[in-house]
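For reference, the structure is listed below as structure tokens.
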Amino acid sequence: MKPFEIVETPIEPQKYSDYVLHAGAGAVTVFTGHVREWTHGIRTLYLSYEAYIPMAEKKLAQIGAEMEAKWPGVKAAIAHRIGEMHISDIAVVIAVSSPHRKAAYEANEYAIERIKEVVPIWKKEIWEDGEEWIGGQKKYPEKGIE
Amino acid sequence: MKPFEIVETPIEPQKYSDYVLHAGAGAVTVFTGHVREWTHGIRTLYLSYEAYIPMAEKKLAQIGAEMEAKWPGVKAAIAHRIGEMHISDIAVVIAVSSPHRKAAYEANEYAIERIKEVVPIWKKEIWEDGEEWIGGQKKYPEKGIE
Amino acid sequence: MIKVSYFARLRELTGKPGETIDRESMTVRELLDWAETAYPGFGKDTVHVAVNEEYALKEDIIQSGDICAFIPPVSGG
Amino acid sequence: MIKVSYFARLRELTGKPGETIDRESMTVRELLDWAETAYPGFGKDTVHVAVNEEYALKEDIIQSGDICAFIPPVSGG
């Protein structure tokens, strides 16, 4: 495994928590994002994710570097799966270790917010009666995306 | 496994995250608390945890009920290990699922704070040159612990 | 007869996991005073009492047959 | 020669994963205008451009040999 990677096969969270664990870590948080059956009253059959893989892995690693700079002592690993996924499948895992628990929670939540902002990954929802690429409707910011 | 339990053998986080996962869950957070080698500059050799087991399991279940009341849609499982533990061993696992991520983070962090307040479990740190039961130095509150 | 349990530091201080007190009823406050007298250094101001696995207030009354536990400051997690 | 890639909605709109544009240099803004003209409905106001795997500003200049990608609103996580 790479600590910041796009994968095409089922995600095993334990691999990423093992990677961040070390003798100085008192707390590990693992977030997994799962395919949910119902969103806004519409039943999802399955999802399909697509990524601009090399750039997405670079951006995941950048988020990891941001976390480690903001919360000294934090160590992170992030993986996002692409391709077709069904209900309860893991789309993303974020593992964070830290000497103390506060930073492990905060840095983990920071990571998922940043993923949703800057990592070139796209989700298509497939329902019984249609499908759609999901994406924020933000306008192009004058100063660029960062 | 029981969803709220005191155990005497190594904790496998996956069991607890599997327990909380369901078709409506979009987010799962798993917190694990680990034995850390250094605390305040003192090197820990190992820890020993003791619990008032029946009351501790009752209090863990109570915390779960508090979480599910405060964050509707949240499902939780918590286990705490007792006995001797060495560096990096898991002392506690908190697994939380939720339709949306915000509640999964918040409810998880709430649980660890509550565990440290109300669950009758005690930690003894064993160092190279001594040992000590760890415990907050709070005075008996007039209104009781809750 | 009131049963009491000791944990952690208190188990080591008293040298036993618990014992039975030959009383029909007493308040939690009286139980703590009894423990402090019986075991100097008990630290009753930092110790909670659970009666039948629930935290009790100092004014609560313990009856014969109740299961009590002295709860020193907890440190789980 | 400037290489461009299309993803997600834009890949379906253009019907291709990418193509090569026969230009020596252009700004990001010019590239977006070109795409909007070539593919009505492209939605250039919601699309970012990455140049060599980094987000670029509209004023940035793209040179021949650069690898560009059109990035519609992301939705990972």
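For clarity, chains are labelled A, B, C and D in written order, and residue numbers in each chain start from 1.
Note that a contact is a pair of C-beta atoms (placed from the backbone, for glycine too) under 8 Å apart; a residue touches a chain by one contact, two chains touch by 3 or more.
The structure presented is a predicted model; accordingly, all values stated were derived computationally and were not measured.
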{"item": "Steps needed, at fewest, to go from subunit B to subunit C via touching chains", "value": "1"}
{"item": "Touching both subunit A and subunit D (chains)", "value": "none"}
{"item": "Whole-Å separation of chain centres (CA-atom averages), subunit C against subunit D", "value": "72"}
{"item": "Centroid spacing, where centroids are CA-atom means, of subunit A and subunit B in whole angstrom", "value": "25"}
{"item": "Length of the line joining the C-alpha centres of subunit A and subunit C, rounded to whole Å", "value": "49"}
{"item": "In subunit B, residues with contacts to at least two other chains", "value": "33, 112"}
{"item": "Interface residues, subunit A side, partner subunit B - complex", "value": "13-14, 17, 21-38, 87-88, 99, 101, 104-105, 108-109, 112"}
{"item": "Of all residues in subunit A, those that touch subunit D in their complex", "value": "33, 49-52, 54-56, 58, 80, 91-92, 112, 115-124, 133-140, 143-146"}
{"item": "Interfacial residue positions of subunit C with respect to subunit B in the complex", "value": "5, 7-9, 11-12, 44-48, 50, 53-58, 69, 71-77"}
